[in-house]
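In order of appearance the chains are A, B, C and D, and numbering begins at 1 in each one.
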Amino acid sequence: MNLALPALVPALPALGAAATLAVGRRSPGLARPLAIVPVAVSAVLALVVAIQLGTGQVLDAATRLTPTGGPEISLAIHLDGYSSLISVLVGLVATCVQVYSTAYLKDDPRYPSYAALVSLFTAAMFLVVYSGDLIVLLVGWEVMGICSYFLIGHHWETEDARSASLKAFLVTKLGDVPFLFGIFLLGADAGSFRIEDVLRAAGDGRLGHPTLIALLLLAGVAGKSAQFPLHTWLPDAMAGPTPVSALIHAATMVAAGIYLVARLLPVFLLSGAALVVLAVMAAVTMIGSALCALAQDDLKRVLAYSTVGQLGYMAGALASGDREASVFHLVSHGAFKALLFLAAGVVIHAAHTNSISAMSRIPGLRKRVPDAYWTMAIALIALIGLPPFSGFFSKEAVLTAAEHAANGEALTNGLGPASAVPQAAGWIVLISAGLTALLTAAYAARLFLVTFHSPAGAALPAAGGAPAVADHEPDAPYSPEPDEADPAVAEPPAMRWPLWVLAVPTMGFGIAGLRSDWLPALLDGGSLKPSAVTAVTGTGLAVVGVLLAYGAWRAATARTTEGLPAPAEPGRVPEQAGAPAAEVIVADPGRALLGPLFGPARHGFGVDRLYSALFVRPVEAAARLVRFLDREVVETYVRGSGAGAELLGRVVRLAQTGNAQTYLSALLAGVVLLAVLVAV
Amino acid sequence: MHLAYPVVLAALLFSVGVYGVLARRNVILVLMSVELMLNAVNLNLVAFDAWLRDSLHAGQALTLFTITIAAAEIGLGLAIVLLLFRARGTADIDRAIALGDPAESTADVDEAPVGTEALKGRATA
Amino acid sequence: MLGTALGSHSTGQTTVTSLAVANPGSLIQSVDWVAIAPPLIAALAALAVLVTDLFLPARHKRWLGRLTAAALALAIVSLLPLIGGSPRATFCAQNVTGATDNAGCSYVADHFALVFQLLALGGALIAALLSAHTVEREELPGGEYWFLLLSSATGAALLPASRDLATLVIALEVASLPAFALVALRRDGRGAEAALKFFLSSVTATAVMLLGIGFVYAASGSLHLGAVATGLEHAPAQLKPLAEAGAVLTLAGFAFKVAAVPFHFWVPDTYTGAPLPVAGYLSVVGKAAGLAGLALVTTIAFRPYAHTWGLVLAVLAAVTMTVGNAGALRQRFDTRYSAVRLLAWSSVGQAGYLLVPLAAAGYAPTTTDPLGATAAYALIYGVVNLGAFGVVAAVGRRSEAGVDDFRGLFARRRWTALALAFFLLCLAGLPPGVIGLFGKVVVFRAAVDAGLGWLAVVMAVNVVVALYYYLRWTAVLFAPAPDAAPAEGAGERAATAPERRLPVSLTATLGLTASVAVVLSVAPQLVLQVVGGSLF
Amino acid sequence: MNAVLIALLVLPLLGAALTLAPVFGPDPAAADRRALRFGTVLTGAVLVLTVALAVGFDHDEPARMQATTDLAWIPAIGVRLHLGVDGVSLPLLVLTSLLTFLCALYSERRLPSGAGVPSARSFVGLFLLLEVGMLATFAVLDLVLFFLAFEIVLIPMYFLIARWGSGAKVPAANRFILYTLLGSAVMLLGFLLVGLKAGTFDMQALAAAHGSGLSHSTQVIAALAIMVGLAVKAPAWPLHSWLPDAHTAAPTVGSVLLAGVLLKMGTYGLVRVLLPVVPDGTTTLAPYLGAFAAVGIVYGSLACLALARTGAKGDLKRLIAYSSVGHMGFVLLGIASLTPVGVNGALFANIAHGLITGLLFFVVGALKDRYGTADLDTLAGATGAALYGRAPRLGALLAFAAVASLGLPGLAGFWGELLAMFGAFDPAEGLSRPAFVTYMVLAGLGTLLTAAYLLIVVRRVCMGDPKQPAPVAELADLRPYEAVSWTPLAALTLLAGLWPALLLGLSDPAVKHLLGGG
């Protein structure tokens, strides 16, 4: 299998990006094909590479990029089952997003720069997936970060986009600095930055202090995959256009962290402590984000918190030593979460608002965007993890892995001794995974019911017919112009087609895990069949979650239809270009389920305020101190020496009185002084 | 005669000369006290020459030269004093201070030398 | 250290012209006329000028200037035969015991003497060229001016070659007395006052020096420098304080001439009061004479007390340059005479740099000879300083040029401004003034080699302080021309500055000094070769 | 080949001399135009010569000194006219001639004019003299000549700032020249101490001796003197206070050269003189240099943060000057680690900083010309200057430069900082490992702070609400001459980022030779 193909996969979108940037301003018409074709071709190439590689094979090839005086940095490729699986996912999602964006941002003047950045992002993601050298991986890693910064800041007219982009880049950069130190430690101990050398060194036990390395790498992963301590940037990143959220903040970039840990799992298996830390991190992320998702009013923020939660799942699987389950869940989650975001995009596009309570008061929303409605339903079912769809299988794989780790025989599939994974990690992951399954079912159901099926929307056709969208009062339900009513306009084909393409893997991909010669053969060969106990408990918890949400929703709608206004909650809605809506929550089961937790959950448990108090304010104080230090202390030294010279000059001039006798007396005094000095 | 007498006398003469130079207001008297100092030195030289019993009599030779130099200097000195008197109308040494450094102007004329530094502080700090 | 150096030169008593008869026993000594040629020519020229002045009508007075310049040139040329081979000594007394065979001689034309005679006579020549224009414009008494200049030059040329204290004193006085008269030649209040201050300070310093010489004579028993050195080594213990005091007092006289710190007060007043070329002459040739005297006295006569006067000179050097530069720093640019006053303070500062290698000679190991650094720096300083005085003469009418008259000179007279900028940067020691930079490098080298680290650092700081006022003056040169309605004072003076071409003598001076400085900048080896070999 | 190197130095010198002669015709306006054109042509010729030198350079043994000329100039004090180029100095030569050519191109259209600004002829003369000083510094192999070249640069830059600058230009120029002169005077003392004790001023011979002829105490004193002198030039933290004033007052072209090349002379001096000649002294002082470097990185970025805050009345050029202090902190950290990795990183960061900060100063200078002021608050207003909307290409270029400056991998800024930190991660033996690891952590924190203030600047300048009232109504986008003179910098930043072997391949063997001393 010649090396041209894998080398071409990351190169093509990069060249496409350059071409789009170059030609974008002069002939916007050309920008669309230049955006879609390279990404699509590279997706196909990724598939070809995957097929050529076949199952259970590892390909390593490298050429020196540069000497450094120490360990060399090389352009290396490390292809195995994981890389081909994820590269195909990335190719698929990226192509869908590019196609989807042509319609979504049809009338946006800055489309060429947007498309170029998405292509550059895809190239960077391919580089991370294929790269065999840690430093080159870091290059792809940070280029992804800067592309997400620019894309989040696409609508730089709005204040939210401006602050969200800055916050996203700084939080990920905060994670990347320890990540770099982790790479240094690995490079120094293994003598080279090549991943195969690092893995061999881990195998021979030549790594000096694995726990420190693992923790440093975890910091980077937490930053990039929005895990507990550094997750605050992802919900705000929803200020970017929805296709960006779909591509970057659902399927690819956030998955890079998990992919890296999967790649370097032997290093992590060397230290039990790191695995426990990973498990605790995953648990807190899962539960916290699920609770927050239950309380959000913005459709995209619900999905963002859901992504954070699902990434917690994958991290939990890794904490229990089974990277197969984690990647299996990663791929299936990538598919259905991308689908959810794109469908959400359609709904937001049609409803001109992000807030689900405002959507709930739009009559007949279901009718207007049927495709989005059905695909969203499928995706939500996959998210909840009910049997037929892929979500069920991948979630069960994670639960089985946790269960095995809990009773001591972790499914490390030959990467390390089963005993390497402490049972505590297994128990933490198992319990939190169960609880999150229930909460996930709850918020998914809440989302679906409130958005599409709230009675107020259906029961108030009469209140419709309000004038055009421009001047409608903040809390009046928005009613569409006549032409937007029929589905053909609300859902242009370019938006509809990708939904169904992504729906296929959402439904079918789960089965691929059943047969041992399909997916497991591609990966490490461990079985991915869910064990009976976890299957039953998992699904049971999911069903209970749905029922709870349904019950709470029924009660809430019953109360509203009798005229009892639900307690008004003027929530701040970071809306997109849609109408500002400080809306009244009509019938929200979340409030009933969460009770007292509803307020804090809505604002992400105050983590943002904590961080600004912990980090931002001390840095600003330090900056003011430095400015004072620079102006007062260093300056006084310099100015002082200048003034010293001036003072001496003034004294010398004063001595120059012009009187000859003063000169003579000074002269003789000097002579006497010298004579005494010498003679004595 | 022991060496001490002429040397002490010379020292006394020299200090009287120094006092005269520093204290007198009239320039001519200052000139006279300078002459005193020179003669004190001559006395010294001659005394040492005798005390050393120098065959080459270098001391006395130098005294001769010093006397001629003193004469020349006084000639010139008086000419200068005469010139000063004719130009300034006074021989008072304290009045001849026209050439001193002009007083510090209150505002610095050219751009304020703020920020300029000789960095003496910097070098020693 | 000097003894060994002198010893290495095997010199015989070379009888030269038929006039001198080698008669060892009798008091009539053979006189080596070629050796004493340079000061002799200058002296004869002085007499010639004095006599011809009587016969020349007023309108031919200019010829005296040309005669003086020719005589000085001839004197410089007469240095050439003495350059090669071994030093030639004359006026020797047989019965003086000294470390080297030349110890007894009063006049030794060795490498050291030749360099400083070149400096003295060269400086005098440039000053003569400079003063041709001033004598004519300020109606100074023609004959007397040239006679005094030549006689002072004779004294300055005699001093470096003299090897006993008496000749040193006489040479110093011969150099100083005409200078008092030169300063007073302008016959106005300012000239008189300047001359008075110069006179009083000089005379007092001479008296102190003679006192010191008396004590040294008492302690060592002889006046010849070589003999004094051996005498001081064997001086009895109770005479040691007397000898050391004598040594310091002797240094006072020369330190006055070099304008070291306690003796520098007369410099600004005298330079501003004196006619411009005289000020230039004093700042270069006067200082060179003082320096030569100091070098001779310290390195030959007081060699046993090397460390004491080494420290004294180091402290003196440090304080002198600091005071000189600090004084110059606060000069105001708008008053009259501020240009000359700034140059006066700058010359005090430069005297500090000149003293550094002398101090280093006290500490230096016997191998290297730091005196070369003083000679080299003095040569560079001489050329450049006289050039600067030349430009000040060209711009200001009498010596009243304020620095503000130079504002925008680049627009009016491009090449004069460039010349002054070049001279100032040489004085500051910054490229494009490359020769100034190498002068400073050589002085730094001497200090570092002798281990005087602290002095080198003080000098570094002083280079920076000095740069400030040199640069401000250079910046004024290139400042935009004074706008339409200048302040009344400056405007009136600037407007009347004659736009016509410079007189021939001034252009000659500026051309000579500028070309010498540029040639030296391109090939510093010409002047720095002095640094390499041992001077004595 | 050595003829090319000599021509490289002589050509601008003759050009500078020529501008003094009235050779450009009587009419001042035409003469100025011709003089500027002459300046561009000459600097272009110098660029062609340097490229020829680079092409002719024998790339597979960059450790050997090539194109050498060795003539005795002043035997009295042992100064030899010794020129030569190796892997360390070649990239710097190319960078200098490139930046000077681009500045000449830029100033042909955009010379700062105004009341009291001298003629373009003297500008070109000073400009060429500046180029001679810069090229000579990198090409010379004799300590005293290095000091001479170091000083040639001072007078032209002083006049560039004092005459063509803006704001409090004369005090800033005075502070620049006096501060740097004191530094170089102290450095001269160090050179003389080494030269006298070792017997020769020739860098190659001294490097070969690798400090054998010098006692330990001499080495420490000499190293201290040289390090202080050079630390003033590459502003190490406590000695940096001349840089912000100089940059705020300097004209655009002056700022580009001051940041692009003059700072590199200091760090180049550290690598060329300090490391090989006084190794023991450097090893004793390295931890302190590392400490000052690390503090410099954090201090510089915090100062920038203070300036970038709204309402802080921060001047954009002053901010970039402080960012230079931060970036040069990385270079000094790399050098202080005394390892091949660290020093390679330092040299790479040198070139990268030259390119990126040159571009930044060009763009900010253009902004200052368009808005009339570089004050961030007036520029940004309440929400931001929305440069993306009003002048998209200019905004994109500023964003590119800012992103490159914060060390985005894939652009030139990353490799220097990476290797410098990796060098500090395991410093040479004999240096205390924990100290250097703390410096590395501080440097890591520095990169985060750098990213913070640069992106704040991008946010306040490039982003913003277009409907917000702007200080300047109509804003011209990228002009053709600006595009021509800036694109090479952006292209090279990208090229050096994607293909670091272009520079590291040259410097690695040379650095191993310098450190190894063999």
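Keep this in mind: contacts are C-beta pairs under 8 Å (C-beta built on N, C-alpha and C of every residue); 3 or more make two chains touch, one makes a residue touch a chain.
Since we're looking at a predicted model, the values are computed, not measured.
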item: Chain pair with more C-beta contacts, B-C versus C-D; value: B-C
item: Centroid comparison with subunit B (C-alpha atoms), farthest chain; value: A
item: Per-chain Cα centre nearest the global Cα centre, belonging to chain; value: D
item: Averaged-CA centre spacing for the pair subunit D and subunit C, given as whole angstrom; value: 44
item: Intercentroid distance (Cα basis), subunit C paired with subunit B, Å; value: 21
item: Geometric centre distance via CA averages, subunit B-subunit A, whole Å; value: 90
item: Distance from the mean Cα position of subunit C to that of subunit A, given in whole angstrom; value: 81
item: Junction residues of subunit C - those touching two or more other chains; value: 196-197, 200, 204, 268-269, 329-330, 457, 460-461, 464-465, 468
item: Shared-contact residues (touching 2 or more other chains) in subunit A; value: 637-638, 645-646, 650, 653, 656, 658, 660, 664, 668
item: In subunit B, residues with contacts to at least two other chains; value: 21, 30, 93, 96, 98-101, 104, 113-120, 122-123
item: Interfacial residue positions of subunit D with respect to subunit A in the complex; value: 175, 179, 238, 240-242, 299, 302-303, 305-307, 309, 312, 339-345, 383-384, 386, 388-389, 392, 396, 399, 403, 408-410, 414-415, 418-419, 421-423, 425-426, 440-441, 444-445, 447-449, 451-452, 455-456, 459, 462-466, 499-501, 504-505, 508, 511-512
item: In the complex with subunit A, residue positions of subunit C that touch it; value: 196-197, 200-201, 204-205, 208, 241-242, 244-245, 247-249, 251-252, 256, 261-263, 265-266, 268-269, 308-309, 312, 322-323, 326-330, 465, 468
item: Complex interface listing, subunit A residues touching subunit D; value: 25, 64-70, 73, 110, 113, 135, 138-139, 141-143, 146, 149-150, 153, 156-157, 159, 162, 165-166, 169-170, 173-174, 177-178, 180-181, 184, 187-188, 619-620, 622-627, 630, 634-635, 637-638
item: Contact set on subunit A toward subunit B in their complex; value: 637-646, 650, 653, 656-661, 664-665, 668
item: Residue ranges of subunit B in contact with subunit C within the complex; value: 14, 17, 21, 27, 30, 34, 37-38, 40-41, 44-45, 48-49, 51-52, 54-56, 58-59, 61-62, 65-66, 69, 72-73, 76-77, 79-81, 83-84, 87-88, 93, 96, 98-102, 104-105, 109-110, 113, 116, 118-120, 123
